[in-house]
Amino acid sequence: MTDRWERDVPVYNVPIWTKPFKVLMSLGGIALLLTLYREVVGLGPASGMNDAYAWGIWKTFNVMTLTGLGSGAFAIGISAWLFKQSKLHTVMRIALLTSFLAYLSGLIMIGIDVGRPWNIYWLVTPWNWNPHSPLLEVMFCMPAYAMLPLLLENVPPVLEYFHRNKPGTREFVEKCEKIIIAGYPFIVALAYILPAMHQSSLGALMLLAGDKVNPLWQTPFLPLLYVWAAAYLGVCCVAGTLLFTCLMWKRPYDMDVLVLLNKICAWLVGTWILFRMLDIVISGRLGFAFSADIFAGLFWMEMLFLGVGLYMLIDSAKLRNARLMFHAHVLIGVGGLLYRFNPTTLAFQPKPGAFYFPSAMELLISIGFVSLAIAGFCVAVKLLAILPAPTYTWFQMEAHESKLKALNRDEKVGELVTANNFSD
Amino acid sequence: MELTRREALKKFATGTGAAVATAGLTTIALPGSANAEVEFKEAPKNAVSLLYDATRCIGCKSCVAACAEANNLQPDTSLSGGLHQAPADLNAFTKNIIKLYKPADGRGWSYVKQQCMQCVDPTCVAGCSFFALTKRPEDGVVWWNASKCMGCRYCEISCPFHVPKFQWEGFNPKIVKCEMCKERLAVGKQPACTSVCPVQAVVFGTREQNLAEAKRRIAENPDKYYQNKIYGETDGGGTQNLYLSHVPFEKLGLPDLGTESIPSKYMKWQRKLYSFLVVPTVLYVTMVGVIRGNWKEHKHHMEEEQKKTGLRPQL
Amino acid sequence: MPTDGTLPKAPADITIGESLERSGVSRRDFITLCSAVLATAPMGLALTEKVKTAEQLANTVAKAKKPSVIWLHFQDCTGCSETLLRASRPDLADLILNVISLDYHETLMAASGYQAEKCLKDAMAANLGKYILVCEGSIPTKDSGEYLYLAGQKGIDRLKDVASKSAAIISMGSCASWGGIPSSGPNPTGATGVDQIISDKPVVNLPGCPPNPYNLLGVVLEYVVLGKLPALDQYGRPKFAYDRVIHDHCPRRAHFDAGRFVKQFGDEGHRQGWCLYKMGCKGPGTHARCSTVHFNEMPDCWPIGIGSPCVGCTEKSIAFKVPIFQTIDIHGVTPPDTYPLINARVGSVGTVAAAIAGAVAGGIGTAAWMASQKLPDTPAPEIKDDKKSEGGQ
C-alpha cells in the first residue's frame, strides 16, 4: 500500500530477538572470536592475503566498497539540503543510520586490518602526517566524519527516545537539541565535505598502484568516479532498504519519494556512465574493452548491471512499480559495488602468477561485521524513530503502547491479587 | 528562497577569507604542504647506489647469503625442502634475492638481483601516512621506521618493483626491505652484497660514479647491453640502484615505467586540488551558507507540521 | 692369435661363451670385462638395465651368438682401430675378437690382396643381411668420389655396396660420423660422414678422435644380446655415451665453479690441476664421456686429466674448426632450474572459503529475489493528500 511519508516512527510491533536477528548476532559473535585469533597469530594465518595482494577484502571490500553503500547520508543529504528536495527529509534518518552503521563497521575493519594498530595514535599529531598520502586522508577523514557530523546527526533520534520514554531527561534533551540546532548548518556542511574528500581519496588510493590496475579502471579521474559512485550507491542503498523494510514491517511506502530517489539515482548513474565512457574513449583506452580477457568481461559486467539498472530505474519511476524499482536498485548496487571493488582486487594485477582469494576465516570476519551492522540497524529501527511512515502510524504506535501499559498494569494487579490471596 | 547574487558573493567572500586562514594554518601545521608538489626530482648529492650488471652475474647467490647474515635474517628454505637458503621471492626473511629468467628454448637467459631500487621519488614514501618509510636526505636511502608504521601495507600495494614485504605471521609484524645496509654504511663499510660478489657483478658507489661506470661499459661494449640502456637512469623518475642487462629489462621483472615517477604522474590533480586545503575550505563555507539559507525554510515547515499534528518536530 | 696367416673361421652359430672358452679366456677375465661394461654404461644401455651384477651380464652375454662384423677403412688414420687395441688388463683385442666375429679388417687380418677381398665377399655372402658394418674414416665425395680407390673400387661405391647387405652400420670415429679431420676447411676431397651417404640402414655414430673403445663395445653388446641398437640422439649418437657434455662430469668442475682457472701452461694453477676453460677447453660444448671413462684403462688418462684442454673432437661444430686455445661461449650451457622464477606463483582458493563465499552470495541473491517477489508488481496509485495526518485513527 502507498501513503505519504510524513514522520519517522519506530517499528513498534515486532520483537527485537527474532530468528534472523539471532542469526545475525551469531555471525557477529563468530567474527569477534575470530578477530581475537587474528590479533594473536597475525594477519597471515587469519586471512588469504599475500605479498602480491597485500590488501584483502577487509580493506578492499568492507572499507573501500561497502562504505559506498554507506554514503546515503552524503547523497540524500546534499539533495535535501543543497538542492532543496524537501520531500527527502523524512528519509534522512534512515540514510544517516545506514551510513553510520556502514562507516562504523568499516572503521572497525580498518582497525582489524592494519598490522600495527598501536601506531594509529600518530593520527592525532598532524605535524607527523604525510599530507600527500591518500591513505592518511582516509584514515583521518573517515573517523572524523563518523565521529563528528555523522554521529551528531544520528543523535536526535536518541534524544527523541529519551524525551518520549524517560520524562526525567526532558530538560536535558531540550538543551542538547538547542545546541544541535545552533550548530546544524556547520555540522551538516561538514557531513558533505568530509565524505566528498574521503570517498574520493578511497579512489585516489589506487592511483599510486599505477599500472598494476588495469587500464580500463586506472585514470586520473578515479577519485571523482569513486565519489560519484558513492553518491548513487548511497541513494540506491537507502531506496532499496526502504522498500525492503516497508515490506518486512508492513509499512506503507511513499511512491512519490521513491520516484524522486529513482530520479536522483538515475541522473547520477546516467551522467557517471557517460563520464566514464568519455574518459575511456578520449584517453584511447577503449581497445582494452574488446580484448579477450577477464578484465574486458568485468568491465562489460559493470556496464551491463548499471545500464540495465538505469533503464529499470527510469522505467519503474514511470510505471511507479515497486518490484521493478527494487530490482533496479539491486542491479545498480551490484554494478556500483563491482566498480569500486574491481580496481582494488579483480582488476588489480601486481604481477603474473599472483592470485588471491580470501580465506574462510577472512570471509567469516568480513561477513560477521556486516551482520553486526545489519543487526544494529534492526535494533535501532525498533527502538528509535527512523523508518518513515504516515503520521497516523505514530498514533497507532501510541495506542499500541498504551494498550501494552494497560495489560502490564492488569497483569501486575492480577499478580497482587493472587499474591495476597484476594481470590475469594 | 533563492540565492541572490549579493548573497552568493558574500558567501564566496567569506569562503575565500576562510580559505586563506586555513592555508596559513595548514602551512604551519602540516609538513611539506608549503610546496604544492612535494616531489623528489633529483637524487641527493651523495646518493648511494648499486650497479648490477646481469652480464657478469654467475648466479652464485653469495649476495643472498651475505645479506641474510648482515641483516640477521632467518634463511628461507622454502624452495629447497628445508636444506639450504632458497627463497622463492623477496619476503619477510629475504631482502635480496637472485632470480633466473630462462626462456623456454634456453637461449638468452639471465640472472637478476632483486632488492629495493632506492627510487629518487619513491612511491612507497608518497603513500606512507606517517612517513614510516622515508628517504634520507644525506644519501637517499629509503628506510623503515618501526615506531611510525601502522602496518597498512600501502607501500606493498604501490611499489612498482614489488619490494616492501610484510611479516604475515606474529602480532608484531614489520615491513622488510633492503636499506643499503645503512648500519654498515655508517661505519664506512660497503653493503654486504657488494662486498662478497666474486665477479663484481654488483658494485657499490655513489649514483654519479655508477652512472659513469655504466656508461663507460656501454661505450666499450657497443652490442653487449640491451638497447645500450642503463635501467634506473630515468625510469620511474630515476632510481639510485642501476641495472645493465643483455636481455630486455621487462623479462627480468623491471617494468617499463616511463621517465616520470608514479607519485608525480598519478597524483598531480590530487595534489593540486588539496594544496593548502583551499578548495575544500571554499566548498565548505559555501555549503554552510546555502544550508543556513535553506534551514530557515525547513524550520518553518517543521513548525507547520507540529501545528498540524501536535507532535514534536523531528530533527 | 693363430700364426698360420688365416683367421680362424668360426661357425656362424657359435656362442660367445663357447668362443671365449676355446680361446682360453678365463671366466674371471670375462667377468672383469663385463663389470667394466656395467660401470661405464650405467644408463642408456638397455642391456645393462636388465642385469645387476657382472656375473649376470657375463651369463647373458655368454649365451649370445657372435655376430659377423665387417670393418671397412676409408679416409682414416686407423686411430679408431688403434684405440680398440689399447687395453692390457684384460686383453681387449682378444676379447673383442671373441665377442664378435671380425670377418674383415684390413689392419688386423693376416690376409692381403686377393685373399683379403675373397674374405670380404665370402663374409658378405655367408651373413647376408645380418652382419654389422663398422666404418672408419671419412668418405670422399667430391669429383664423384675420385679421391679414394679401394681394391679398384671407389670408396663411395664400396661403402654403398657393403652397406646395402648389412644389418646395421656403426660409424667409428669422427671421420666416419661427420667427416673428421679430412673435412676441415677447405675440405678438398669433399669428405663426409657415412650417414650422409647411407640413409636406408640404421647408422650409429660414435664420434671422437678417437672415441673411447667402450663406446663401441656397449653398442655391439647391446646389439648382440638384445638384437637392437641403443637409444640414439638427433645426431645418431648413442645417448648412453653422448648425452652429456664433458663439463657436466668434469673432475675439475669445482675449480670452474670457484673461478680457479689456469692462465698459462705450467703456472701454479696448472700444477694444482685447475680448470682449463680459459686455455680454450671445449668441455662445455663437447658431448662425450671422456670425463668419466678415461682412456687406456688408466685413471686420469685423458686430455684434461693430463692438463691439456679438450679440443672437442666429437663435435662437428668445434673439432678442427674452433682454434684449440680459443675459449668457447659458456652461455651455451643452460643453468639449472633451481632458481626462483622472476614472478613467483602465489595465492590459491580454499575450498571452504569458496563454499562460504558462494553460500553468502547465493543467500543474499535468493533473499533479494524472494523479497522482490513479495513487492507489488502493479503501478502504485497516486497518493491523495486528504487530511489523514490529522488526529489518530
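Just so it is clear, A, B and C label the chains in written order, and each chain counts residues from 1 on its own.
Just so it is clear, contacts are C-beta pairs under 8 Å (C-beta built on N, C-alpha and C of every residue); 3 or more make two chains touch, one makes a residue touch a chain.
All figures in this text were calculated on a predicted structure; none of them were measured in a lab.
At the centre of the protein atoms shown, by the Cα-centroid criterion, sits B. In this assembly, C is the chain whose CA centroid lies farthest from the centroid of chain A.
Between the interfaces A-B and B-C, more contacting C-beta pairs are found at A-B.
Here the CA centre of chain A is 72 Å from the CA centre of chain C.
Chain A and chain B have Cα centroids lying 32 Å from one another. Averaged Cα coordinates give chain B a centre that lies 54 Å from the centre of chain C. The set of chain A residues touching two or more other chains comprises 6, 50-52, 351, 391. Residue positions of chain C touching 2 or more other chains, listed in rising order: 341, 343-344, 346, 389-390. Among the residues of chain B, those in touch with two or more other chains are 89, 253, 309. Residues of chain B touching chain A in their complex: 26, 29-33, 38, 89-91, 123, 125-132, 147-154, 156-158, 160, 162, 165-173, 253, 255, 257, 262-263, 265-271, 274, 280, 283-284, 287-288, 290-292, 294-295, 297-298, 301, 305, 309, 311-312, 314-315. Residues 59, 79-80, 86-89, 97-102, 106, 109, 111-112, 198-199, 251-253, 308-309 of chain B are the ones that touch chain C when the two sit in their complex. Residues 2-4, 6, 48, 50-53, 243-244, 247-248, 253-256, 319-327, 330, 351-360, 362-364, 367, 390-392, 395-396, 398-399 of chain A are the ones touching chain C in the complex.
The touching residues of chain C, when paired with chain A in their complex, are 341, 343-350, 352-357, 360, 368, 371-381, 383, 385, 388-393. In the complex of the two chains, the chain C residues touching chain B come out as 259, 331, 334-335, 337-344, 346, 389-390.
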